């Protein structure tokens, strides 16, 4: 039984220009100890999906309008729908069972408290314990995420740390109560490549050590390839392709996934005159989505029925979710 | 990442602000009130006057409100109005009194059909005075704030754009200005130059620019580092062009907000000055002087204090609410 | 190739400015002397024709404190950089945040005042020129910024934005100007009706095109492109890079292409300079990334996450953070993070020296950074080519 299963999750943003279907019937599951990557470009709904799982959708304009998020809260009992919990119950799940880290580690930390205080706060909130115990947990967490001289660093304020160090602190805070699932929303986007490499290594190591499940939301396919075991590709609020990391990167079947992979320049000088591959056109307006496939306007394989019929999960019977009538190898 | 891809609706910035502004119904009501007030002030001679707006006399049309026609020279208009000869046609304004016309037969008359807001101790119509008084209040508000904004924008732009010792000089000057108790400064200056509506406008304007200057300076410091300003400099644009074309239009929205609050403040200052007798000369009706004259009849004629008092109250509230709604409208954090 | 240039000349004759004609004529001269098929290599081989030469450029930003605004410390953004960019050459400038790459670009354009050193632009020393004297030269150097949302004035229409450089330099009269602007808008791949619209009506990629149209309006000789695609979605990036390539061929543009992503820079550039803490760590031809030996270049290359799950390679993960720019480390600025650092690295600053033709590095042990140290990232490179 999966640890988390999401069924037809639907989150809308009610804006002046209309109802934006940010998350449009997303279903997936997550096993214990699994690393799942959610990739897509800006506006595809990947971050909103993560926020919906946490029930942290900014309201207004957003609102979760449908679906279920079933979480195996106890080993014996049945799964619990997180969307049905009271705010108080949800608050207890958040941080303790389900934690999240964000892209911008500076704004996620409170500038007027030391990082030690902030981690201690998270521990006290869910687990309690004496001052001494909490303090030693804080130091343990900081050393776990690779912060040198953790006992002294605990007294630092966020602005005294570099971007990479702040993200480590965020991870320490998120993991302080040993959650079963960590949602990481673009955790390395604001960081430099050499620091990104450190943080990705850290996430991988901690995930293995804690046996924790990881949901990694990112726009960078390279990051997903390095960390995830299973990948979800999103476009315009929907999952367009889902598969193991090998399936997605070696046999992508959806034209969008294929286009995205081609659009990443390789780390090598191409022969002169080579053009960069692109996906022509732009993401459609999510408030006024066309009928049929949302990718139709940019798709090289588009045919008449793509624009008319809603595309089911796996119309070509390839055995996994590939939302395309003409799924095939490139 | 691509921001705004969720919101590709096409609009000018001003339209965007307007759409946001409209969301507050109270603000729209206040804006309408302010607009009506402005219209009343401009059209005061046509609203409250003891002369006809339009008349036909001896076969020719004229507007005595604006200019006495030649045909009426030497004729007692008021006599004519009470006994119009045949062939004479007159259209009177809605309030048939001038603020200066005394009607000694009805002194301190309570509000009635004839005098909707009653009359004062000299038998003058309060409604007429209120209408004409709005001219003083609004023109003082608008002109004084105009002067303040002009000085503030200029100094703020220069200080923020050039920085260095210019910025230090302007900033210290602003701080010195803020240290003066403005109201007493105004009183002192008016004691020297004598109270006239123009002096009031200038004095309020010259003492009230500091807020705008600080605001514009801050905006300018922020915008100077923005990439479009750098791009303009990179294409060789002169400082004046960068300031006027790129920085100023982008810092106008907060200035507008502050101007709205400024008008409210200036109206209040003018009313206070008139109340204290340092305002416009008694021949010119103003809300402040109406209140001041009402003092002696406070216990017997409630309308004399209530009417101009609420006029001041509602006007200032309206300007403040408009300013507040404007401030919310330009705040991108509140935009949905 | 020949055909392409003939087209470029036609286009040039059609356009009114004189500068571009001169530039194109120069390019033509080269292709007459040499028959080389790639236009970019034509230009690259003639780098003795230097457009910009930067000599020991330095810039520090004072940090003021206290009541009197005394300088308490300074951020050393650029600490002595020497570089040259040839006519029509693209120099990629790569480094992590805070390495001073953007500051260097702004210094080159004289949008920031250098503290010391010199900038020679086309034979003219512009280091100490006043902004007034610089104004005519501004036609020949332009800039494209990273953030397509901050780089366009929200209160101006696209037509006004693109026309501004023409207006400032009094190029063309009103009707002509309008025609030029529309031509430019079309040239960058937007439709004509963009003319009267406002920037916020466009997506990020389209906005970046508008910024590029503004930059090429005066047919400059060099464009400083400061991370022009970093803020864009992956699927859009290629379009913008292709556009920059096209314009380079059309107008014989030189680029200083600033980026933090080696993948983006590598293909577009002729040469790549890697910066670290305000200095050039290594300078090499773009084809030679695999042969570049400076340990920082290697670390940077091996840190790039590749879209290949098989390539979960043993990579060279650098320990620690980029050191403070306020108190840069003594000796080699990379030594606190360098896996090969020796005693000498802590005290003596290595000079930027050529270690093989076309390759320069500042490392005491560059000769010992043999192919063996490079090799552990080589398989990953081959994988990347296969993808």
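Order of writing sets the chain letters: A, B and C. Residues in each chain are counted from 1.
The rule is simple: a contact is a pair of C-beta atoms (placed from the backbone, for glycine too) under 8 Å apart; a residue touches a chain by one contact, two chains touch by 3 or more.
Predicted model only: the values in this text are computed from it and were never measured.
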Notebook entry, point to check: Which chain's mean C-alpha position is the greatest distance from subunit A's?
Noted result: B
Notebook entry, point to check: Which chains share more C-beta contacts than any other pair?
Noted result: A-C
Checklist line | Length of the line joining the C-alpha centres of subunit B and subunit C, rounded to whole Å | finding: 54
Next item on the list: Could you put a whole-Å number on the gap between the CA centroids of subunit A and subunit B?
Entry: 54
Check: Distance from the CA centroid of subunit A to that of subunit C, rounded to the nearest Å?
Finding: 33
Margin query: I need the residues of subunit A touching at least two other chains; which ones are they?
Written below: 41-42, 219, 282-283
Check: Of all the residues in subunit B, which ones touch at least 2 other chains?
Finding: 1-3, 5, 8
Checklist line | Of all residues in subunit C, the ones touching two or more other chains | finding: 203, 205, 233, 236
Check: Residues of subunit C touching subunit A in their complex?
Finding: 38, 40-41, 96-97, 203, 205-206, 233-239, 241-242, 245, 260-264, 266-267, 286-287, 289-290, 299-301, 303-309, 311-312, 315, 317-319, 321-322, 380-381, 384-385, 387
Check: In their complex, what parts of subunit B are in touch with subunit C?
Finding: 1-5, 8, 10-13, 226-228, 230-238, 241, 245-246, 249-250
Margin query: For a test of understanding, state which residues of subunit C touch subunit B in their complex under the given definition.
Written below: 106, 109, 111, 134-136, 138-139, 141-143, 145-147, 149-156, 164-165, 168-169, 197-198, 200-201, 203-205, 211, 214, 217-218, 231-233, 236
Next item on the list: Could you pull out which subunit A residues touch subunit C in their complex?
Entry: 41-42, 162-165, 192-198, 200-201, 219-226, 245-246, 249-250, 259-261, 263-270, 272-280, 282-283
